[in-house]
Every structure is written in structure tokens, then in C-alpha cells.
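Could you have a look at this structure, given as C-alpha cells, before my questions?
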Amino acid sequence: MEVLGIWIAAFLTLCIFSFLYRDNPFYRFAEHLFIGLSVGYSIVVTIHQGFIPLAWEPLSEGVNALQSELTSEGTPETKEALSGLFKIIPIGIGLLFFARLSPRHTWLIRYPIAILIGFTAGAAIPNVLQASIFEQTYGTLTPFAAMHAGSLSTGDIVGAILITIGLICTLVYFFFSVEHQGPVGWLSKVGIAFLMIGFGAAFGNTVMGRVALLIHRVGFLINDWLGSIF
Amino acid sequence: MFEKLMNIDRRIIFVLVAVVVIIPTLIPIRLPTRVAEPTQKLYDYIDELPPGSTIIMAFDYGPSSLAEPEPMAKAVLQHCFNKDVRVIGITLYANMPTLADKLMQKIATENGAVYGEDYTFLGYRPGALQVILGMGTNIAGVFETDYHGTAIAEIPMMENITNYDQIDLLLDLAAGSSTEAWIIYANTRYNLKIAAGVTGVIIAQMYPYLQTNQLVGFMPGYLGATEYEKLLNAPGDGTIGLNTASFVHLLIIGLVALGNIAFFIQRRREE
Amino acid sequence: MKRQVPLALCFLFGIVMILTQFSPHSYSQGVYREVINWNLIINPFALILAVATLIQTHMTRIQRRTEHWQYSLVVFLGMAVMVLIGIPLGPQNSYVEWLYNNLQVPMDATMFSLLAFFIASAAYRAFRARTFEATLLLITALIVMMGNVPVGDLIWNSVLSWLPMEDGASKVRQWILDIPNLASRRGIILGVSLGVISQSIRIILGIERSYLGGGD
Amino acid sequence: MSKTTQCLIIYLVLCLSIGTAFSQGLAPPSNVAAVDTPNDDGSSITIKWDAAPEDSGISGYQILRRIAGSGLEEVGGMLPAGSTTYVDSTIEKGSAYVYIVRAVTETEATVESEETAPVKGTGEWFHMGKIPLFFGMILFSAAILWNLYDARSGKEIFVRRIPGLEAVDEALGRATEMGRSILYVLGLGQVDNVATIASMTILGQVARRTADYETPLLVPCNDPIVLNVVREMVKSSYLDEGRPDAYNEENIFFLTDSQFAYAAGVDGIMIREKPAAIFLQGTFYAESLIMAETGNSIGAIQIAGTDSEHQLPFFIAACDYTLIGEELYAATAYLSKDPMFLGSLKGQDWGKLVIFAAIVLGVILELSGVNWITTLLQRVR
């Protein structure tokens, strides 16, 4: 079974690599098989790691507790499990997603979507403001406090000043209410230069990442597959 | 001549890449590496944790990008098990639980760690934001059982753990924007300390968070894995991979240079 | 019913999430916990949407016999095998794990490893220093690439050994990432975050309604 | 051993132990105070005391508490020597507690502080440390709403020149001159994606020009819903220009929905049709560079635009013009004149202006030793 697995994996790996020659039926077969399998696996995992523990189990425990409560065998534990019954409301709302299957009732999926979207937006506003705006601005200013205290090396002072200049100029580049002429134009030019260095850094690191993916696959083919033959 | 050189079939370049990867894979070499600040900070933080501390390791990547985070996970797990730091594994990726579960098991067996006492894997729950915020109020409210179905209450290492207040660090092994989500929601809202191990694509965007201490430290891609392995004095997949990557990098740098030289000559001729 | 109620729900959940961030009292924290719980329960159901869309797309392809429609059958085959074994037996079952480890993982990993090839060929044929901006980007990229791999320092130390700096490739890379890269990233983070917050405000206040989709 | 001897030994031991305590001058912890922990849900009390001098010989502290009317109990473990605060989060809500801090020496001698005044844990309705955050949120919301209102009431809102957008005419002119087609790729986004919406708006404008110039416009789609929307949109652009006859529905078509096969399909179109201009606008993933590379190799003028940050470097390196992130949104606002986009864009600009001012002012203040702005921005637990 294990050897068979390695051979199948190697075959499918080669099917996908065959795309490098050109688009072909082997590649298309593997790609579609992959889409099917991965959606299937997501369904399985979402049911077993999502629906069942979060919705089904608390609910069924609640129902059992209700039964024993009605037959007056209630213990403190069953009282607690009874709270699982309240979950019937969010479960009901979640089930509205099935309205997607009926064109006439599709609008019902707006209810759960509205809740999820409102939740996300509400969580985002204060936390993003704190984490990404307040603290990023704070981090730009703290080196200057250290500079005042005289505890910063020359290299760090240059760094802090460059970061501040770069940040201000990048902000100017993404400022749309003023034409970029004169001093604003100059600042935005410096800003674009900083942006390009940033993108260049991302570019270089991305190359490392992509190469890593290939090395990993070639490692599999050579060590695990060919290694199992020779 | 130049026209021809510029328009060579890209498959020739593909063959070159394949050769440059296959040869060093067959004949591995090792070059010295330096350790930079982001990885050093993470290593120091974990190294200074008292025995019995607990960290969460979030496997937030999928099979498509496992090449980089996997060596990082191995190195940090090894470090934790040797330092007697407990590890709780989770994932926000639906296509990840099997891989993460097996990986933790493997490293634990190699280092003599015991399931339920030194480490546990809680598995996956849908909805990243909900899981991150929910675990901050009550971990058992999100993960009532571990991945294998054992109730949290029956796992010895989870005895004194209710929420992030008892967690010393969250290490996010990321191939997407999950680290930012952990920073924005777990660090800002609950003051949980965050560290990361990220794939090449997202390395550059981690630096602002490191400077503000919103990140304790992070491992930048293959390089980070190699650095961590060096600090542990245990070269592994990262070190082997990065050395192989050296040659591919040289090839790509050469190709960019060659392409641009041809481009400039062509442009001068046209003028 | 079709528009007002969803807008009201969105507003209600949004405002509750905002206010509970500012109120540490145990009552408001109780509400906060309950809201998170509701969302934890609702969220898994969203899978239905994704699966329904996928099935519909491929059903249409099969019905209309569009080009390569046969491959849509392969999608269904893969999904059916996984679901029929996985749902009754669970993801920890050894057959499911076998399929996952030997079919899904290798294909997923290989798909993205193709990119190493494409980057190499684009490096030769497309990445041109045609403008000042592109030149700056490419030079930075080359330095960072050199600094990322151990061979970079090796070359630096042997070719540029007359310079007073040892291991220059990785040091210059580190400086680029630490200073100019940090500055521009922070600029992007600030801009994007303002965008996210402004969008969230519009959503909660019902100004932005695109999530409701078309129709009445 | 006689009773006297025993007494003597006990007496000596006692003397010795008390003696050591006194000889080291062990003073009880001073200024001990217990207060309700601020900005919490009422489940904890904070105990504070003054630090002992360094040579005091204290090796740690123990915290003792008692509910009025009952006995003393120890809480928490032994605290290290340097500590001066302890947060007791094991209290029962509503009960008043009295605390004692006990200093312990290495020889296990102890000395206790006086009892604190009784204190209860109460929950606060508003987190006082988050006042700056709260006001920041209110002010920014107000800025957005104000500008939205302004934009809706028909006030002209200025958007700066965007180089990538100005290149559109150049690209179309060239295609017309050469008698070749234009290829417009919308990326892999779904119809509700912000970047896809932006891309469709730009496509609407491009279609108006191609209608005028009678240049063929090819749009391969990878999402059936996007396909339908795009067809409607392009058709109405041609109608608006009075050229419904020039509209060819077959030029806007469904290619495939899978990532790399889509890229390969687009590549094939590029090589066969040799379009003079290629637009890559919308949401892109890893396939971006495959298309940009082929477009470059056929010598087309390429205008890219995306908010997918990871693909931007490749577009900048391989295309002639690139709309970077927010520029794409600004372009949409500018082209569509939608008050919602325009107003938000202006409101966000105000936000940037405030950040800009905070940084400039903050740098000046910090350098002169005034920490107002950093205090305001700092996170309070």
C-alpha cells in the first residue's frame, strides 16, 4: 500500500510537471482530480471539525438533557447541557445557506452573510485601527524618544530617519486629493523609489519561496520515489 | 542573432532549471550561513521560556506551500521538546489537519515527547477570525475536543489552560495573511505574544511588525529554517534545501542579467 | 424582509462587536462571547455556498458539453471518492489519509512548484529594466536574492574581499529589508488599513451593500 | 536531657532566628495598598507595595488575603524578590477582601505588612485606556461620512493624475494604428471582488474607446458570472457610443475556471492573435507572471493593475505601466464618478493627512523630550 502510494504520487507529480512541455490531457486530468479531491477533503474536514463539534454535539447533548430533565432526573450537568439548546438559533440561521439551492429563496442567504460580514467589520474597526495605525505610527516615533535619551547608535539614527522619510513619502504617493507637482511631486517620487525597493525585496524573497517549492518536489521524486526503486 | 537569443523556447530554460535543482539534490553540499536578527529573537525567546511553559503552534499553510514552513515547524518543535516547553497545535486551513497531525507525531516520537503531556493537536475549526477571537475567551469553547476526539478537560497539559492568558507564545507558520490576523486580533485584543515562520512571498511585509514588537521574532522562509537549524546545531531539510537553492538563485540572477544586457543592446541598436 | 432585515442584522452585529471592544464589564464580555459563539456556529455552513457554486459550474459544463467537459466528471469523481469515504469514516481514517497523502498533497505541492520554472523563464524574457522604477526594483531583487542564499556571502567574500565588510551580501540584504522595505511596507499597511476601516464603516452603516448581491 | 536544657535550647533557637531577622533589619513591606484593577470585568484586585532596599535580604513575597470576618489564606505562590505588584484574579465578585504582604528571607524568617483597607472588585463599563482609540474611530468615521455626503451632494472631488490610466489612450492608439486587437484580462476574482469591480469599470471605459476606433476587444473570462456582467457592460458601452453594430459577443468568452489552464489559454490567445495592447487588471495570483511574460515576449504594450500585493513586483518588472494597489481604486473612483468610491477616497486621504501630521509633530516633540503623541498611541492593557 505504501509503495503503491509513492508510485501514484510520483505519477501524478509527473502529470503536473508535463504542463511545462505544454497543456495536455495528463495535466488536465491531474488538475481536475486535484480540485475534486481537495474540495472533497474540505467538505469532510469541515463536517467533522466544524459542524459536528460546534453545532451537532452541543445540540444533541441539549436534547438528551432536556429528555432527562423532563423525566425529572435533572442534575447540574444536564442544566448546563440544556444551554446547548439555545444554539438552535445560530444553527437555524446557518441552515439558511441551503436557500442557495432554490433560486426563489436565494435571498435568504443574505441573513447569515449579513451576520458574518457585520461581525467581521465590527471586529476589524477598533482592532485594525489599534494594531495597524496607532501602533505602526507609535513604532515610527519611539526611536526618536531613544534619540532624545541619547541611547541610539549612529546607524540606528540614520535608519530611523530614513524610515520616517520613506514612510512619509510613501503616504504622499498614495495621496489622491492633490496633484503631484512641485514639492508634493518630489516627495511622491521619493515615495515611489521606496516602494520599488520594497517590491524588489518582495520579489527576491518570492524567488526563494518558489524555488523552495520545486526543491521539495524534486526531493520527493529523487529520494522517496527513485530512492525506493534503487 | 540577438532576436533569436531573446526568443528561445522557454522550455530550454525549464530544462536548465531542472538540471540545476537535480544535481545538487543528488550531491548535497553545505555552505556556512549567518543568523539574522528576526530568527535570533525568536530562538532567544523560546530558549528563555521556563520549562513547563506552553506555546501554540498554528499550522496556517496548505500542502501547496509546505516546503518552507515544514522545516521550520520541525526545528521549533525539536527545540520546544528539548526545553520541556509544551506545544498546542492548531490549524486555520481546512486542507491541513492530517499533515500537521502527522508532523507533530513524527517529531514527538523522535524526541521522546508524550501526547497529552508535552504536546497536543487540537485540529481545525472553520472561520479564522472566529477561532482567533474565540480562543481568547475560552479555548475549550472553540476546541471542545482535540483532533482525535479526546475532551480537552481530559488532556493533562490542558489542565490549567483556559485562554491566551496562560499561553506564552503563538507561533504562526504562515503561507498567507494569517500572521497579520493573529497580530491584529490576538495580540491587540488579548495581548498574546506572536511570532511567525513565513514563506518567501510574505517575508517582506513582516518587518514593520518586528520593529514595533507586535512580532516577537520570525523565520524568513527557507533562510529562517536554516538559521534556526544552525542555532539548534541540527542541520535538516532547511539547510539542505537552501544550499540547493543557491544554484537556482545563481541561475535566475544570471538569466535576469543576460536578458537585460540583450535588452539594452537591442534598444541601442534601434536608436 | 429581503433587504432591511439583513442590513439591520449587519448593523447590530457590527456595533455590538465594536462596543464590546471598549467595555470590559462582565455583562458586555458575556455578550461578546455569545456573539463569537454564534459566528463560530454559523460559519461552517458557508461551505454550502462554495460547494454549490462548484457543482453548478461543472454541471453546466457537462450539460452544455463545453470544450473539455469530460474533465468535469473527473472533478466529481475526486469529490465523490473523498466524500463517500470521508464523511462516514472521518478524516482520521487511514483510507482518507492515504488518499490525502498520496494524491492530494503531491498534486497540490507540485502545482505550485511549477512557478519556479515560470519565474526563471520570466527572469530571462520579461523582467526588464525599462524604466527607473523597474531598474530600482530589479537591482534590489538581485541583492536580496544574493543575500538569501549562502553562496551570496561566499561570492562576496572571495570577489569583494578587499572591501572592509565581511559577509556583505547578507548584511546588505538585511539592511534593505530593515530600513527602506520597512518604510514602504508601513506606508502600504497604513493605506490599506484606512481602506479596510473605511469599508467596514460603510458596511456597518449599510452604505456599502454589494454583499447583498443583486435583486430586490 | 533535663527539662531546663530543653527549654534553654528552644529559647536559644528562638533567639537566634529572631536575632537573624532583626540583625538584617527586616522591615515589613511598606505602603501596601489594594485597589480594584482598573479597566477589567471586576474579576481581579491589584496589590501594590514599595520595593524593599537591595540589601534587605528579602528573597520573596507571599500574598495573604481574607474576606472580612474569616481567616487568612495564601494566594498565588512565592513572588520573586524584586516584585512590587500582584494581581489577584481568583477573587469572588462582590466580596470585600483585606490583604497582607508577607516578606520572606532566605532563612525563612518572615515579616508581615499591615492589613490594607477592604476592597471589592468591580467591572468597568468603559475602558478608560482606550479613549484615544475611541475618539480616533469616531473622528475617522465622521471624516468618511462627511466626504460621502459631500460627494453625494454633487460636489466635484478631485483625483490626481494616474499615469497608468493615461497610458490607456496611448495603448489603444497603437493598437488601432497597427490594426491589431486588444486583450483585456480580468484576473481570477469573483464578481463581488473589489479589484474585479474596479477592473470592470476600467474595461467599460476601454470599451467606449474601442467602439470609437473599431478595434477588436478580446475578453477571456474564467468565471461564468463575471462573463455575463462583462458582456452586459461592454454592450452598453458600445451602445452609449452609438456603435452597437461593432459589438461582437463572441469576443467576450469563457475560457476555463482553473488557474494555470486559464493562464495557458490566455498565452495561446496572445501568441495567435498578437494583440497590440494587453490589460491585466483585477485580482491575480501566481499565474500573473506567466501571462505578463508572454505578453512581453510578443512586444505588446502592457498595462497592469492589481491590489494583490504579492503579484505587484512581477507586474512592475514585466509590464509598461502598473496601477499599484490603491491606485486601482482611485482609478475606479475617477472613472465611475461613484460618490461612494470618491467620498471614501477623500475620507481616507484625510486619514493619511492626520497620520502624516502625527508623525511630523511626533518626531519634533519626541526629539525635544515631550511624549504626548506616543502616550496617546500606546496600547493600554
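The letters A, B, C and D name the chains in turn, as written, and every chain counts its residues from 1.
Simple rule for what comes next: contacts are C-beta pairs under 8 Å (C-beta built on N, C-alpha and C of every residue); 3 or more make two chains touch, one makes a residue touch a chain.
All of these numbers come straight from a predicted model, not from anything done at the bench.
**Student:** Please identify which chain has its centre, taken as the mean of its CA atoms, farthest from the centre of subunit B.
**Tutor:** D
**Student:** Where are there more C-beta contacts: B-D or A-D?
**Tutor:** A-D
**Student:** Can you give the whole-Å distance between the Cα centres of subunit B and subunit D?
**Tutor:** Each chain reduced to its C-alpha mean, subunit B and subunit D end up 21 Å apart.
**Student:** Report, in whole Å, the distance between the mean C-alpha point of subunit A and the mean C-alpha point of subunit D.
**Tutor:** Here the centre of subunit D sits 14 Å away from the centre of subunit A.
**Student:** Can you work out the whole-Å distance between the CA centroids of subunit C and subunit D?
**Tutor:** Each chain's C-alpha centroid was found; their separation is 15 Å.
**Student:** Subunit A to subunit C: how many Å between their CA centres?
**Tutor:** Taking the mean C-alpha position of each chain, the two centres sit 5 Å apart.
**Student:** What are the residue numbers in subunit C that touch two or more other chains?
**Tutor:** In subunit C, residues 18, 21-22, 29, 37, 39-40, 43-44, 46-47, 68, 91, 96, 100-101, 104-105, 108-109, 111-117, 119, 121, 125-128, 130, 133-134, 137-138, 141-142, 145, 148-149, 177-178, 181-182, 185-186, 188-192, 194, 197, 199, 201, 211, 213 touch at least two other chains, as defined above.
**Student:** Quick check on subunit B: which residues sit in contact with 2+ other chains?
**Tutor:** 10, 14, 17-18, 21, 64-67, 95, 97, 125-126, 129-130, 133, 147, 188-189, 201, 203-205, 208, 211, 221-223, 245, 248-249, 252
**Student:** Scan subunit D for residues touching two or more other chains and write them down.
**Tutor:** Those would be 130, 133, 137, 140, 260, 293, 297, 309-310, 313-314, 316-317, 325-326, 352, 355, 379.
**Student:** Looking at the complex, which residues from subunit B come into contact with subunit D?
**Tutor:** Against subunit D, the touching part of subunit B is residues 7, 10, 188, 191, 201-202, 205.
**Student:** Can you tell me which positions in subunit A touch subunit D when the two form their complex?
**Tutor:** Interface residues on the subunit A side: 19, 22-23, 27-28, 31-32, 35, 125-126, 129-130, 133-135, 137-138, 140-142, 144-145, 147-148, 164, 167-168, 171-172, 174-180, 195-196, 199-200, 202-203, 206.
**Student:** Which residues, counting only subunit D, touch subunit A once they are in their complex?
**Tutor:** My answer: residues 130, 132-133, 136-137, 140, 157-161, 258, 260-261, 264-265, 309-310, 312-314, 316-317, 324-327, 330, 345-346, 349, 352-353, 355-356, 358-360, 362-363, 366-369, 371, 373-374, 377-379.
**Student:** State the interface residues of subunit C toward subunit B in the complex, per the touch definition above.
**Tutor:** 21, 29, 32-33, 36-37, 39-40, 43-44, 46-47, 91-92, 96-97, 100-101, 104-105, 108-109, 111-113, 116-117, 119-121, 123-130, 138, 141-142, 145-146, 148-154, 167, 170, 174, 177-178, 181-182, 185-186, 188-189
**Student:** Which part of subunit B faces subunit C closely enough to touch in the complex?
**Tutor:** Residue list for subunit B touching subunit C: 6, 10, 13-14, 16-18, 21, 31-34, 36-37, 62-67, 95, 97-99, 101-102, 125-127, 129-131, 133-134, 137-138, 141-142, 147-148, 189, 203-205, 207-208, 211, 221-223, 226, 242-243, 245-253, 255-260, 263-264.
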